[in-house]
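Shared chain: chain A. Partners: chain B in the first complex, chain C in the second.
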Partner chain A sequence: MRSFSDYNPIAVTVWFFSVTGIAMFSSYPLIMLMSLLGGAAFFILRSGLSRGKEHLFFWGLFLILALANPLISHNGKTVLFVMDHNPVTLEAALYGLNSAAMIVGVLYWFRSFTQIMTSEKLLYITGALSPKLSLILSMALRFVPLFSRQSAKINSAQKAMGLYKDDNIIDDIKGKSRGFSILVTWALENGIITADSMEARGFGTHRRTQLRRFGFRAADIALLAASLVLLGIAAAAAGSGSLDFSFYPTISAEAPDKLGKAGLIAYGALIMLPIIIETEVSLRWKFLRSGI
Partner chain B sequence: MLLIGNNKLRNVIKITVPFAVIPAIAILGALAFDEKKHIIISLAAAVFSLLLFAAGFEKKSTGTRRLVIAAVMTAMCFAGRFIPFLKPVAALTIITALYLGGEAGFLVGALSAVLSNFYFGQGPWTAFQMLAWGLIGFLAGIFSEKLLKSRILLLLYGALTGIAYSFIMDIWTVLWYNQGFDIKLYLAALVSAVPYTVSYAVSNVLFLFLLAKPFGEKLGRIKIKYGV
Partner chain C sequence: MEILAVRDLTFTYPKCSSPAVKNVSFSLERGEFAVLCGATGSGKSTLLRMLKRELTPVGDMSGIIAFCGAPLAELDYMTAASAIGFVMQDPEQQTVTDKVWHELAFGLENLGTPPDEISRRIAEMASYFGIGEWYDKDVSELSGGQKQLLNLASVLVMQPQLLILDEPTAQLDPIASADFIATLKRLCSDFSITIVIAEHRLEEVVPLCDRLLVMEKGALIADAPPRDVIAKLKERKDILCGMPAAARLYAELGGSGLCPLTVREGRSFIENSFGNTTRGLPQASCSHSGEAALEFKNVYFRYERNDRDILSGLNLKIYCGELFCILGGNGSGKTTALSAAAGLLKAYSGSIKIFGKKLKEYRNRSLYRECLAMLPQDVQTVFLKSTVREELDECGADITELPYDISHLMDKHPYDLSGGEQQLISLAKVLAAKPKLLLLDEPTKGLDASAKLNIISILRSLRDREITVVTVTHDVEFAAAFADRCAMFFAGSIVGIGAPNEFFAGNSFYTTAVSRMTRGCFDNAVTLEDAVKLCSLNGRKER
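So, the complex of A and B:
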């Protein structure tokens, strides 16, 4: 019994890129709507209703993006009204709405993804791809707090030596740049020492190990397989033209054929996967607690 | 790769495949398919060239010291992105490339994009940002001899890459918004991004002016002292 974020990072990443990839690849309005609602619902499910500011930003952006297209693009046959000698068309407005839904939906997904993918999971994934890059990333992550601590130390040492004067802007800038210069020299030298120490302990002689081990359990494989199958169906539907939707010059859409319908259902199922997992976990948790 | 004996030719292929052949394929693909697929083709091309670079880098034996110095510079870029309005990322990438070569420049640029985006927001644009910053560093490494000789040329390079970065990212903005490329939208995006373009160019010039010399001295010193 694990929540979605505890699944193997590779499975989660594949699922995630399937969802956003289809959303970016297709322009079918129903897919956009599913992606937008699913992304928002998933974000709320994970972090509750407390993130008002972010929701406000996303929906503000949605409004701007939706309004931008009809003001710039004048394609389309159905003229709604004329503004400054430029026709504003229904098609362009709907197209803007569609694009805005796509962009804000993908933004919502990426927001949740960034929360789920903590740095150790990122290192696990890049480590599978390229251990060397993963090493650089992990060291850079560690260096940032290290540098800020060292910078505080340098500042206090400078102060103790009487080299700081805060009431004068020029002096302040001079002192700060001196501190920065010391920090850079120290960081580079310290890096060399770190590298030598790593080599002395046998870096590069064996495979790199991970702090946390992410095994592939049956549920991970199931998630991975389900994502890939659903992605395949949805991508086939979007790629073969079954889910084509053209806005210009007039809106024309045929009712989706069998493959199109299958693609829509597959995409909906793909979005529902983590929601199903989370609900199952919380239901089972409640059931187990009730038995105590 | 092993079949090609000539070292120079091998290096040329290593560079041209990720950075010339793949973009060319992307453009051809964009012309062949209808315009709705532009976005996915460009994204695939960006991700693919990044992956190829990673694979090439993985195979090569790079000294541990070099790796750690690249990590130090990445951390500096990451921390520098927290400065409001002025972003020293590209300038630091260029400086790294000048002293440690184009490959290190590409690494620092691309990796600081991924890392810092964990704070500034990941998105599909991360791949483009990685490629853009990486290429800024990579090209600086190729022209490093000339850029190191003339300070004015270096500052000019900084200004140009600042503008180029903004232009590249705007192509992506249009592709994402419109799925296909639309010149009108692109011009609108360029106009609305003028403050950013100016800020990129100004911060590149400013930070190269301020940091190129002291950073160069420090990196040069490390290079001589430890033979990185």
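So, the complex of A and C:
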């Protein structure tokens, strides 16, 4: 009984890149629509309705992108109206909507992806490629916040000792730059101790192994296989030209053939995968809980 | 079985004329708990680093170091890394990775242990140390004591036979360090791990150890059970100044018989050897000028809107010319109060006045000009330059005006100095701004006993210059030795306040070792000097 985010990170990552990959390389409006709605729905499903600011940002961006295209691009045959001697066309407006849907959809997906991919999962994935790379990443993840904390400490220490003489920007910049230079020295000093500590614990004596905190279970394999199969169908449809769609000079698209239809269904199924998993989990949990 | 044998070890750093370690010989049996003590710069760290091959410094070495009968240099890499564990001083800097579980796994991953074996061993270790709860946390979320425990645990997963610790509790508060030492003792008796630990806070560790090694100028001058060492070095006050209070009392009074080490033993030593017809010393009444240097009135502070209050209704008045000391446990809000007074944090309610003027009326950073200065806990954050001279020139410090001498340190890099010296330089830096109110956050952190005495005498000379000093500390003995008034901080406000004698005599648990030893026998004896005076006034009991 695991929710989608608890599945093996490799399976989850493959699924994410399948969804976003198809969305980025195809320009078929229905795919864009599915990706945008799916991305927004998935984000809401995971974080609830509380993230008002983020939604506002995404839809604001959507509006800007959708409006920018017809104002800049004047391709297309159907002129809606003329603004400042420039024609604004229907085709450019639709193209703007389509690409805005693509970008905002992918942004939604990645927002959810960064929530799910905690540093640990990232380490697991890089560790599968190379344990050393994973160690470097882990050390970097420790160093960056350590740096900013130390820098804040140095600044307040210097402030309370009267380093800043005046309340103006130039003095602030001078003070901050002095603080930064000692921060580098501090990091190097710090690095020596960390290196000693690594060596004392046998770093470099042997080929590194890595502790794995995520296993591959049957459900993970099923998710991985399903993602790959659905990706294969959707990619074949998009790649073979069955899902071509052109906006300029006039909108022209043939009704999708069999492969195209299969591709659309496959993409829809791909997007539905986590929602199916979550629903299944919550239903099963309800049933099980009634037996407790 | 002999785990470690060192014979005629001499070591000289490159370009140094005199050796850092001179003709040192000693050996350790399995399961022995040995404490290595000595003044800063006596060669303790060098000696310990020579016992761990990966950390051996570069230089000329002669003599033999044998681990389990084989020379250290001939051990294979795996054994050298895993069988000898080393824990360093700074809890933060010796951690490598960002997560607790990864830190625990780090050593085993290096040795190429199979993943399943790693999982089992770290689960075992996490259960033994009770760190299961913070297993998934970021290392940065842990407290100093927890970090140091993690460092110990991540060395122990490699199953060492010899554990070397170089001042592991120097950066910890007293409660965390007592915990840490107790854990070491448990390891020693439960698993017969051999332990060598260098320390200068000896109050807790000396009563627990089997052997006390004393170093002076690179040579080993004593190597015996602690009671014998103290009896032998009775006359050497400079070496004894870090020892447990009972042992120092014994040495000061020229006691005979078995040397007491713990509070319990010290108490029976006093009761059996001295009378108590004179119960107390005349108390100097605590007088202060009526003018307040720093005043908190109903101050409330929290870091985040939805957090709890860190300062809740703090009321406190500190008078001009006072040496004031704020004591309290971890997370009680002491440091926060100090930062709020220094204008680094803004209270959401209440007022803070510095010399009768509200904090927000000090515009354009005039607060920090000849008025107030604060020295943070981490002295390394004070330094900006590559030599002490540049450091002091920058802020216009005049070293001839200081109440102490630092002229011999002028051309060194501030990071190369010992903790005590760093503290002196940062004080010099802060005094250059000619503050009238000085705020110190844990000035004795990581210092050895003689450096602490030095700080105490400096603080007293600052009082003569009419500088008001507010110190935040965990160190009860230090507070008792210098403060005019002490206050206990708890849950965001002050719960007890008074001159050290009455303050510590009124506390039963949060008080000095001498006070605990003499309770009920003498009145208001708080420092060692008090106890020594009272004992000599009363005289020895006739047998």
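As a working rule, the second predicted complex is superposed on the first by the 245 of 292 C-alpha atoms of A that agree within 3 Å, B and C clash if a C-alpha of one lies under 4 Å from a C-alpha of the other, contacts with A are read in each partner's own complex, and residues count from 1 in each chain.
Please note the rule applied: contacts are C-beta pairs under 8 Å (C-beta built on N, C-alpha and C of every residue); 3 or more make two chains touch, one makes a residue touch a chain.
Predicted model only: the values in this text are computed from it and were never measured.
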First (chain B), second (chain C), both or neither touched by A:292: neither
A:132 touches, of chain B and chain C: first, second, both or neither? first
Touched partner set for A:255, first chain B, second chain C, both or neither: neither
Partner chain in contact with A:82 - chain B first, chain C second, else both or neither: neither
Touched partner set for A:194, first chain B, second chain C, both or neither: both
Touched partner set for A:218, first chain B, second chain C, both or neither: neither
Contacts of A:185 with chain B and chain C, given as first, second, both or neither: both
Touched partner set for A:141, first chain B, second chain C, both or neither: both
First, second, both or neither for A:203, with chain B first and chain C second: both
Chain A positions touched by chain B in one structure and by chain C in the second: 119, 131, 135, 139, 141, 181, 185, 189, 194, 196, 198-199, 203-204
List of chain A residues in touch with chain B within their complex: 20-21, 24-25, 27, 65, 68-69, 72-73, 99, 103, 106-107, 110-111, 113-114, 119, 122, 129-133, 135-137, 139-141, 143-144, 147-148, 181, 184-185, 187-189, 191-192, 194-196, 198-199, 203-204
Contact set on chain A toward chain C in their complex: 119-120, 123, 131, 135, 138-139, 141-142, 145-146, 149-150, 153-154, 156-167, 178-179, 181-182, 185-186, 189-190, 193-194, 196-213
Chain A-touching residues of chain C, taken from the complex the two chains share: 52, 54-55, 77-78, 81-82, 85-86, 88, 90, 92-99, 101-102, 105-115, 118-119, 122, 139-140, 154-155, 158, 339, 342-344, 363-365, 368-369, 372-376, 378, 380-386, 395, 415, 429-430, 433, 439
Of chain B, residues touching chain A in the complex: 36-37, 39-40, 43, 51, 54-55, 57-58, 62-65, 67-72, 74-76, 78-79, 107, 111-112, 114-115, 118, 121-124, 176-179, 182, 184-185, 188, 214-215, 218-219, 222, 226, 228
